[in-house]
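Look for chain A in each of the two complexes below; its partner is chain B in the first and chain C in the second.
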Partner chain A sequence: MKRLTGLLTILIITLGVAIYLAQNIIPPENLHPLGEYYLENSYFGEHSAKSPEVVTSILWDYRGVDTLFETAVFFLAIIGSLTIFRLNREQSEEAKQGEPKPQLPEPVVVVTKLTVAMILAVSASIALHGQLTPGGGFQGGSALAVAPLLVIAAYTKYALEKNGLDKTRAIIIRSIGLLGIALTALTPLLVSGYIMQNQPIFPGEALGVPLGGSLVLYNLFEYLAVGAGFTAVFLLLSIPEEKFKKFLGVRR
Partner chain B sequence: MIELHLTILAITALIGLIASYLAITEKDLLKAVGYSAVQAIAYAIAFYLLMAPDIVLAYVAIAVGIYSALLIFIIGKTERYEVM
Partner chain C sequence: MNILFLLGAILVTIGGICDLFGAIGLLKFPNFYVRLHAATIGTIGGAAIPLFGVALLALGTNIPHKHAIAGASLITGIITLLAAPAGATALAYAAHKTNAVEWKPKIDHLKEARK
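The block that comes next holds the complex of A and B.
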């Protein structure tokens, strides 16, 4: 009851402020000049990124260095969590010992199988069509990370590891992704361009599909890096608490 | 037409507000994660109505899937109920 009183107070205040503000806001009539520049240039203009998707062009081309540093922040966050959960060789072997048996009823497990396949397909299409439709590497990668998460929830983490996706593999895939991003960013220097230059160094289209030059490469590598980075953290987080207490020497 | 958009936007924003208030005050932490996911869905619809599909794609995967899962892992490592 006390909770409802607080909720009602907040709702009434919010609605009052919203109704008061709504009468005093004048919507802008023109586009922001910078926005107009991006809209005109991203595909047709003189400073084109050869991509019809303006958001991806801004993310990986016009403001590419911002996104590069954003990826570096994500890299540091994942490295930080891997460092907190570091185990030696014997401990990580012991953490892999367990029964890969589903803990949920049969229908849930079957539906999970189908859903995982669909999530893989959708995430790949989000990431690899990032230069044509809304989406991109980070969005696709975070959708990809949901697939191992569902497997961990419906089966166990041991099922994932027995099928070959253990922590080391996830970290290797993630490193390939990050290395790819770094190499794509540095490639223009070879032909005396500047860092993260897109056009005219990278091909604008292939087989009639606009590739957006380097955008498709960045999206692909970011997809791998984000998806595998999240997977590595989930594999570590899903180690049962009893095992961690044993590793750390906590007695009860 | 724009009025319909704004009405749906207002409703989703209100659902998000109510869900986040319930998530903050809830003592059962698993239920609180559920409320937080409801809030995330409401905000995803709001982002869609505000014509930001790129944000929607990242937000749905992270706020509904990954964030809830992380919190459930962490609740699994501590206690389910918040103690006063």
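The block that comes next holds the complex of A and C.
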């Protein structure tokens, strides 16, 4: 009875709020002038980013410096976690010793193989079509990071490391991504432009596909950096606790 | 009435019924393994089958881009059909391995196989 009263109260409040909102909130008829500017300019206008995807144009072109600093914050966080879990050479060698055998039954392993292949394709499509469809580097990179996570869960982290994707490689890929973003941001300075300028320095189209100038480059490098950064952290987090306690000298 | 549309509508209805049964089972079944069975009814019967139904529904109508909608639903359905059993198997295996579930099985083949 008490539960029923609670449920009924929630139902009545929800209905009341819904009815109130439906009558009193009217969608705005006119666009915000700033929004109108972005919509008109991102592909066709005078100050074009040469990309039909307005959100990506705002993120990496009109408000590019903002996104650059957001990326910096994210990578400081990654660097922070890598520093907390730092190991010397012998310790990281020992952390790699283990049996790369699947821990789960056969069907799970087979499905994981298929899923990992699909995730790689989908994440690349999210990132590299970021200037055409919703998506972009960060979103694609986050999707990419799910692939090593699945491999760690279904096989072991040792399987990932034996196949060549260890922490050092992940950090190198991540650094390549960051360097690419920095170079793409600084290149316009050499051509007597401004920092992070897009048009007309970068090509707006290749083989009939709109590239959005620098947008596709930023997305590609962000994709690599985010995916590899997450992978490095996942590899560290999947080191068994006993090994870590041994490294740190924790006594039972 | 188009036959594809009708088939699709039937599949979507079956999906709704499966979802309802899955929800009831999830609340009423006694232990983790049987509840996992109810959850799988919710994902296979309640998600994959209606997605195939939506594909047929889209093919049976004259909406724009109907082939794109049908293809996307079909592929999402197939992926769900692959991923849901794998996830359920992994969960059940892990629960059995860690001995986390209190249950009184009549026959435990997995335990016998591991001996």
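Going forward, the second predicted complex is superposed on the first by the 229 of 252 C-alpha atoms of A that agree within 3 Å, B and C clash if a C-alpha of one lies under 4 Å from a C-alpha of the other, contacts with A are read in each partner's own complex, and residues count from 1 in each chain.
In the analysis below, contacts are C-beta pairs under 8 Å (C-beta built on N, C-alpha and C of every residue); 3 or more make two chains touch, one makes a residue touch a chain.
Because the structure is a prediction, the values reported are computed rather than measured.
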| field | chain B versus chain C as contact partner of A:Gly177, first or second or both or neither | value | neither
Practice task
Determine, under the contact definition given at the top, whether A:Phe234 touches first (chain B), second (chain C), both, or neither.
Solution key: first
Chosen between chain B and chain C, the partner touching more chain A residues is B
* Asked: Is A:Met118 touching the first partner chain B, the second partner chain C, both, or neither of them?
  -> second
**First, second, both or neither for A:Pro107, with chain B first and chain C second** = second
For A:Pro148, is the partner it touches chain B (first), chain C (second), both, or none of the two (neither)?
neither
Point to revise | Which superposed partner A:Gly212 touches (first chain B, second chain C, both, neither) | key: neither
Chain A residues where the chain B and chain C footprints coincide 153
The answer for chain A against chain B in the complex is residues 3, 6-7, 10-11, 14, 18, 55-56, 126, 134-136, 138-140, 142-143, 145-146, 149, 153, 230, 234, 237-238, 241
The chain C residues in contact with chain A across the complex are 79, 82-83, 85-86, 89-90, 93
Chain B contacts chain A in the complex at 10, 14, 17-18, 21-22, 25, 53-54, 56-58, 61-62, 65-66, 69-70, 73-74, 76-77
Note: in the complex, chain A contacts chain C through residues 104-105, 107-108, 110-112, 114-115, 118, 153-154
